[in-house]
Amino acid sequence: MKVAKELLEELVTANRILAREDIVDSFGHVSIRHPGIPDHYLMSRARAPECIDVDDLMEFTRDGAAVDAAGRKAYAERFIHGAVYEMRPDVLAVVHHHSHGVIPFGVTGMALRPLIPLAAAIGADVPTWDSRTSFGDTSLLVTNMAMARDLAATLGTRTVALMRGHGCVVAGGSLREVVLNSVYLNLNADLQMQAHALGEVTFLSQGEIRAVLETRGAFTYERAWERWCRRAGRPYDVRPMEGPLADV
Amino acid sequence: MKVAKELLEELVTANRILAREDIVDSFGHVSIRHPGIPDHYLMSRARAPECIDVDDLMEFTRDGAAVDAAGRKAYAERFIHGAVYEMRPDVLAVVHHHSHGVIPFGVTGMALRPLIPLAAAIGADVPTWDSRTSFGDTSLLVTNMAMARDLAATLGTRTVALMRGHGCVVAGGSLREVVLNSVYLNLNADLQMQAHALGEVTFLSQGEIRAVLETRGAFTYERAWERWCRRAGRPYDVRPMEGPLADV
Amino acid sequence: MKVAKELLEELVTANRILAREDIVDSFGHVSIRHPGIPDHYLMSRARAPECIDVDDLMEFTRDGAAVDAAGRKAYAERFIHGAVYEMRPDVLAVVHHHSHGVIPFGVTGMALRPLIPLAAAIGADVPTWDSRTSFGDTSLLVTNMAMARDLAATLGTRTVALMRGHGCVVAGGSLREVVLNSVYLNLNADLQMQAHALGEVTFLSQGEIRAVLETRGAFTYERAWERWCRRAGRPYDVRPMEGPLADV
Amino acid sequence: MKVAKELLEELVTANRILAREDIVDSFGHVSIRHPGIPDHYLMSRARAPECIDVDDLMEFTRDGAAVDAAGRKAYAERFIHGAVYEMRPDVLAVVHHHSHGVIPFGVTGMALRPLIPLAAAIGADVPTWDSRTSFGDTSLLVTNMAMARDLAATLGTRTVALMRGHGCVVAGGSLREVVLNSVYLNLNADLQMQAHALGEVTFLSQGEIRAVLETRGAFTYERAWERWCRRAGRPYDVRPMEGPLADV
């Protein structure tokens, strides 16, 4: 089943933005649920996000098998994506990244909590998944569905789960949403580290988090997306993921 | 009433400078009081500051109604600007931003105070406005005149008020002034955070703050503005806001 | 004995990448073991890594004598490289750098330990060499074989040794490996500093370090190398160091 | 008395390098002693260092009077330079800057000391001048010879003096020397702040400082200068200040 060119271009753009905004370096990846085959997903071959182009995009089954590899190597940790799509029908896009702000929280158990409205979507209760709890000494990489499902269970219905010594996973309803939440998760982490050094921190209350999320409109994502496209050297287009997921 | 092209171009330049100097990202905005209709103000449509151009500039009434929207969407928080212009006849330009330095102060109650002459204008007593005090659980966004007037009352006769979990508002007599005060407010915050980690901090005394402000000349703003224009890829022009505000 | 052009170009690329990624500034250097004369090595003349080109590359004997100086000045600290190649037949590439992350560890004795998989290769036990221990008050520069052999003895069979007040040495089996280990050593140091400020840090266990290193494939190096070449403005080529070191 | 074009171009280059390396922003300045009239000095008109060109360079008497202003405005703090040249016949170049690393030290009294060889020239005993001690509440700006001579007396025979709440002055025997010492002073300050957070810091000993300075050759300055020229978009030329100062 063919996927619309606009959607593939948007996935390329998401890769380039995440690289340009220092959320990923040579590692980390972003995917979208296949618009026509809900238990498949689309993601680049194993390549640094700032290098990828449409020809690098591959289709995977829920369990991470490439539908048509054509000699291309897949990311070793693609299973993260499949397990999240499997458990969360509401999720249409997933990012796995190691942005610098989140790692100190993941290795210390210090709770990461939103202190600015733009990070409200991470929620008041960001869990940390530790691969050792169920799998003992590993490379920490999520290289099979068992690990990925365990991580997805920790994520639960939330937007973000940290991964101890590794990074995090961010899940959401669109590419724009997971990219924005990734960027502001990282910023919130940086600001929270600085705030802890100054004194007792006032975080957003549960009511404030709810109020932010209830009033957030598409324009919030669009305003950021237009700027990020410009910075990443990508055209800013109409939103292909807008509306219900139609076959394309 | 038409506004001189130079003034509009200067407002575009202010937007681009604030973006280039990392004071705003995709969010935050800057306005000027309308030179011919003192209870109106001029500001971009809702767009990331580094993307805007003259065609994005709109005119608003004091209460935030667009005079001629022509299909353009306004910033949700434009009310901040109107309330400050209403309460402060001396103010001709306003910035609302979330620069990274100020947020840790706003969420901890640590007093932000000037420790370098270039930040003297923030004053010895920077207040923090907390939306919860009068409005309870909100999105923290200042989306109506009631909230904006409450914020303006906290600002009072000062140059800067922090906003808990959100950012700050900077008010002044010209675009050059509010941009310079925004940049050095942020720098002062960064330096103050580092200084606290080293020991007891000596801030500028009240007398030193006064001495700085009494001797500050236009050339201070011009020297910075020329450099910022160059960095932002904008022409450096004569000052359209120089002298009394004439109809144009 | 002539060296293949591809190998020399790769050494130039390593210099440019280390500069672009802020691992070296005007100082620091990278070498490779001579592919045909195992006790010789190849390194640039004394020049900032981001400026060098193939014509700057020189051949040195184990003791740091230039084989054909042709008027070019050698790095004063080239002896570090010779001593490591002498003691470690497994080492084919060496970097000496002063990246900002590592210096605070070297001057405080705080143990630097891997907390992310990409830094696993630094090992659980990174030693610090202090020139004063055996040589008293010096310029800290390793300007002779005696100092260099003392440093190499501290390095032992490890990948990294810190140098008090100075920087570090990174040794490995290929240019891609020492560059990647240099970059992630520095990142790990930055993250560890931030993590210590938040609380008790969980590092990779010995078993996790082993698991990472056992499963690391060439593709890890390649994915980073392609991106770094792009950022450094260098072509990304096939790996000349792949396979056994053949005469060329 | 005319000054050689190469010397003026080198002064322009020093301005551009200091800007490119984030030692100065819109403020701060660098001067050289006049090669033919030892109690005069050469410095730009009041302009951000990254904007200046040869036509901006002016000649000043020891007391800060412009020899031929031609309508150009001088830096308000030029007196710093005159007072240092007056008291220190060995000094041929001076920088006044507010680099971010040094300010937290100046406002806390935490001693700034060299912990890397490249910062050895700042010496084991960096004094801090506080304008209030002799002059009470001022703008902190050194706008007359009385303040400047007081600052120069604090500097004494040293290379660097911090200025409380303001920045520092760096004096030396050549432009290359004061630029390098400015850059590594700032880096040392950043590293020292990070090191203090990790534990007890080992600084360079007096003997190590001496050893570094005794063995420092011109090539150290040249290696950095070539790279900085490239980064600042300036040609890298032979050293016009090399050798005894001849009339030109």
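Order as written gives the chain letters A, B, C and D; numbering starts at 1 within each chain.
Just so we're on the same page, a residue touches a chain if its C-beta (ideal position, glycine included) is under 8 Å from a C-beta of that chain, and two chains touch if they have at least 3 such contacts.
What you are looking at is a predicted structure, and each value in this text was computed from that prediction instead of being measured.
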- Message: By that same contact rule, can you tell me which chains touch subunit A and subunit D alike?
- Response: B, C
- Expressed in ° and rounded to a multiple of 5, what is the rotation angle of the C-alpha superposition of subunit A on subunit C? 90
- Query: Between copies subunit C and subunit D, are the contact residues mostly the same numbers or mostly different, with half as the line?
  - Reply: different
- Message: Rounded to a whole Å, what is the gap between the Cα centroids of subunit A and subunit B?
- Response: 33
- Item | Centre distance in Å when subunit B and subunit C are each reduced to the mean of their C-alpha atoms | 47
- Per-residue overlap in subunit D, given as positions that touch at least 2 other chains: 197
- Message: Building nodes from the protein chains and edges from chain pairs that touch, which of line, ring, star, complete or other describes the result?
- Response: ring
- Note on the structure: Each pair of chains that touches is included here, namely A-B, A-C, B-D, C-D
- Query: subunit D touches which residues of subunit B in the complex?
  - Reply: 115-118, 187, 190-191, 194-195, 197-205, 207-208, 210-212, 214-215, 219, 223-224, 226-228, 230
- Note on the structure: Residue positions on subunit B within touch of subunit A in the complex are 25-27, 46-48, 50-51, 73, 98, 100, 103-105, 107-110, 132, 136-141, 164-166, 193, 196-197
